[in-house]
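So, here come the structures, one by one.
What follows is a pair of complexes built around subunit A, which joins subunit B in one and subunit C in the other.
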Partner chain A sequence: MPMKPKIPGLFKGLGVTLKTLGRTITQGADTVQYPREKEAPPTRSRGVIALREDNCTVCMLCARSCPDWCIYIEGHKTLAPPRRAGGKPRSVSLLDRFDIDYALCMYCGICVEVCPFDALFWSPEYEYSEPRIADLLHDKDKLGEWMETVPEAPELETGAQKK
Partner chain B sequence: MTDLSERQQLSYIAGQAADARLNVELETEGMTLNIGPQHPATHGTLRIIVRLDGEQVVWAEPSCGYMHRGYEKLTEVRTYPQVTTLVNRIDWLGSFANEVPFILAAEKLMEIEAPPRAQWIRTILFELSRIANISLFLGDLGVQLGAVTPAFFAFRDREHVLNLIESVTGGRFHPNFDRIGGLKDDLPKGFVDETRRVMRKMRTYCDEIDDLLIGNEIFQARTRGVGIIPKDVALQYGLSGANLRASGVDWDLRRDQVVPMAWDDVDFKVWTHPDGDSFARCWVRLQETREATKIVDQLLDGLPAGPVMAKVPRIIKVPAGEAWVSTENPLGEMGYYVVSKGDLGPFRVKIRSASFNNISVAPWVLRGVYVPDVITILASLYFILGDIDR
Partner chain C sequence: MSVAIEIPYWGQSLLRVLGGIVAVLLPAGTIVYVFLFKMMSFMQSRLGPMEAGPYGSMQLFAEVGKWMQKEDTAPAAADHRIFKMAPLIVLLSTFLLVAVVPFGPDAWLTNFETGVFYGLAVSSISVLGILVAGWSSANKYSLLGGLRAAGQLIAYELPLVLAAIGVVIQAGSMRMQDIVVAQNAGSIFGWDGVGNPYLLTQGVGFLVFMIAVQAELTQPPFDMPIAESELVSGYMTEYSGFRFLIFFIAEFATVGVFSLIASVLFLGGWGVPFAWFGWEGIDDVDNWMNVVGPLIMVNKMLVLSFLIMWVRFSFPRFREDQLQRFAWKVLIPVALANIVVTAILKVAV
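Coming up: the complex of A and B.
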């Protein structure tokens, strides 16, 4: 049974759109005109993965845990001078190649999470689209450049336990 | 079948008569019309084959599988942390809600429970994804009926909820925030105040939709009495969620089931509607969105302090066994049956998603309706195409 409202629903609806129109005129539209104005993404936003090359020990954990295998790592062992004078030379791993294929990456963040040496970070940068799909393969130099854009971890809400 | 309304009887008789006319009397051939698989209004691919007699549908069948991505099989070759990234993509509008039942099933097998704070934050994010999902439905239904304005309102206000989800998880649509034993991280500072503000906004949005769409006479004429699903048919076809509640069945897994989530600690009303038509399904979802904003507000009031992660081994191996956990997702009951053989990844996962059952009632309910009503009914049943095909 259709109800018999006092004000017809049509006019109520028109009232809503009129109110919105008034708000849009006085306060401006909600739409963000993207190339001209930009919204800053939140600090936790998963935009692009940055690499701190010095911390990487070529342990391959990130490449192995990646769900779609979009991380390519190559490295070699070399001898470094000993820490103390008279000690034995240390064997360290050097990174030859660290590529992330952003055409395959599904931005799950598992690699950042499993990294035991804090070599990978999330940066909220998002403007790195390319006309050619092959250019989406970022090598270690390009991934290193993203390090500048990595923000500090946000403060936690009250009641959270410090780690 | 009991308690058929007059309109249902008429539509049933019309369907029978259409069949008879088609096959015997006039020897006319019906027209077969494919709705889909591609349609600008659908985000996904679903093909509905309808046989028409004039303007009337005599037979309809949804043809699923155009978007089948094989998630059940994929989970067998992924580890447990990797599976959550996959299940995010099943119902892409309420993606956090997809992770929760899977994680709960794995936790059940490992016999661990998330700390209370993690459970509360999980529930908050769950309800936020419900609001994001259903608020888009309310706008989308208007588009299907020819009213374009509600869709813009829906996209405008859903953005606030997505921003909230992004500020916590880092992803707007694919959070991947749930871990076995808790959550990846705690809430960022300022989240509670911001959420309260957005929840007020969403309640205003619900009022706007109420005035703009639900109270509109044209909308009511298009939806009332269209696509009636009686109680027993709804139960036979295994409908769940708002579709079932709109048919008058008082059933909500959030209230009826004991899972380690925070729904027991809040008061909320489960809305039902006796009619079972398209209008009822829309109305129930609108009330549910309002109720979800109230749930979030209550949860924020009583957010306990403490850790968000239980003690779990670094490499997760789930002991052998089988577990079934289902929760009340935005679309209905979503459940995971996880079989583990003690490996890094599950041995077999069966995903029960709500949309597949919700669409399976379409052949029954589309019989004898007119072509414009087909769109109304399909829109009001509300399925996500990825949720059907998985």
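Coming up: the complex of A and C.
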């Protein structure tokens, strides 16, 4: 016979669908009815990037490493009072503008990885869609607000070096 | 056998036409909502439509409304008159087919002496509609789909007919009513507790019949004609709105009607085993069977369409050559052997 009968496989296939049917009836479907019930994303998922402004030194590493140039940074230098009495005033850089255009961002996370001063963090928050595309440009105040949603950093492994 | 209330001939005819329309549209709606929307989703651990009405129960009306308000487009190069006629030919075949199904001792639509022959003949009118749709669309995908459909439907028409012949030989009649009576008045080695549904004696025939029905309906795994990954949507590619809706209704109404026919041929139709109430033949059957009969038929229809849809949701599509080979080299020889064995046993026993 040219076609071998694959009878056991056929019944196995029917069994799979029937089992799923029974499981869905008794235990409910895997579907999450999104607008009414929310899916809790894993804490480390890449939802939105938050900025801790105090840590930023306007080094521009994130803006330069961004593959699609969606980070806009402007800053200025200013003189801060010296740490010790009698010392020279310190030169510090302050942010004027730190914008991320989420219409361009591709969520690669290179900016978060590359930041040497821990100023950028991933937050699992994902509900920030906008009716106008221009509103997807988050300025530094809005990026600072996302800091509240950033989860606690996980515990270091035992034996790991603390900085 | 007489109806308790005398209804004039025109009244009876009107009732039968209405009954026919209900018998086409009600199974179609039920099958689409219960099986296509909900059971298919559940088998894939989804919920299916949930927004239109409670648990999406109004989804059918939403779909029909959506299709009705769409523009009725046709390609410029299409053969317009035939293009517009094609879906109606397919639906016509379904309506002609349901006419042959008996629902009770008096609740029949037509009571032909050659009911099985008529049913199998009109079921192939849909091939014509599909071929016409594929040809007149002026679209290479439609044409390929139409040709595939024609090849498939003609190939699977044969096992369908041959499987039904086994039943006809055993019942000794082509009248659907006689087949129902023969099953319910029959007995298994003298025991008449369940009558003699031909599912038991014609088990092979039932299997062949259901496989052939699956192919006739172009349901997966026999959906080469509308294989969406190769042919967009086959012969339905160019149809939109109302005419697509007609194709859609015809597809699922035919699932229901073929389930009804299979339940008449193999599961005992509208009847209950006559021995339960001491009936001898169709003349003794009480009038209340005209009400209970259709309900029994609906249940058998649901069971059989569940089987059809279950297979549809579980198996992947055949390749074109596998499909043809399966019909000509497996199903037809098996059906022929079934006829020979049935005929020998009929004469010998």
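Note that in this section the second predicted complex is superposed on the first by the 136 of 163 C-alpha atoms of A that agree within 3 Å, B and C clash if a C-alpha of one lies under 4 Å from a C-alpha of the other, contacts with A are read in each partner's own complex, and residues count from 1 in each chain.
By definition in this document, a residue touches a chain if its C-beta (ideal position, glycine included) is under 8 Å from a C-beta of that chain, and two chains touch if they have at least 3 such contacts.
Since the model is a prediction, treat every value here as computed from it, not as a measurement.
Colleague: With the two structures laid over each other on chain A, which partner does A:23 touch: subunit B (first), subunit C (second), both, or neither?
Modeller: Only subunit C is touched by A:23; subunit B is not.
Colleague: Given the touch rule stated above, what does A:41 touch, subunit B (first), subunit C (second), both, or neither?
Modeller: Only subunit B; A:41 stays clear of subunit C.
Colleague: Can A:131 be said to touch subunit B (first), subunit C (second), both, or neither?
Modeller: Neither partner.
Colleague: Scan A:33 for contacts with subunit B and subunit C and give back first, second, both or neither.
Modeller: Only subunit C; A:33 stays clear of subunit B.
Colleague: Is A:156 contacted by the first partner subunit B, the second partner subunit C, both or neither?
Modeller: The answer is first: A:156 touches subunit B but not subunit C.
Colleague: A:109 in the overlay: touching subunit B, subunit C, both, or neither? Say first, second, both or neither.
Modeller: first
Colleague: Taking the superposition as given, does A:10 touch the first partner, subunit B, the second, subunit C, both, or neither?
Modeller: A:10 sits against subunit B and subunit C alike.
Colleague: Let me check the overlay on chain A: which residues of subunit A are in contact with subunit B and also with subunit C?
Modeller: 2, 10, 13, 16-17, 20, 30
Colleague: Give the list of subunit A residues in touch with subunit B in this complex.
Modeller: The touching residues are 2, 5, 8-10, 12-13, 15-17, 20, 30, 41-46, 65, 67, 106-110, 113, 122, 154-161.
Colleague: Touching subunit A in the complex: which residues of subunit B?
Modeller: 78-79, 81-82, 85-86, 117, 149, 153, 156, 159, 163, 166-171, 174, 176, 184-192, 208, 211-213, 215-221, 224, 303-308
Colleague: Please name which positions on subunit A make contact with subunit C in the complex.
Modeller: So the residues of subunit A in touch with subunit C come to 1-3, 10, 13-14, 16-18, 20-21, 23-25, 29-31, 33.
Colleague: Using the touch definition up top, name the residues of subunit C that touch subunit A in the complex.
Modeller: 39, 41-47, 50, 310-311, 313-315, 322, 325-326, 329-330
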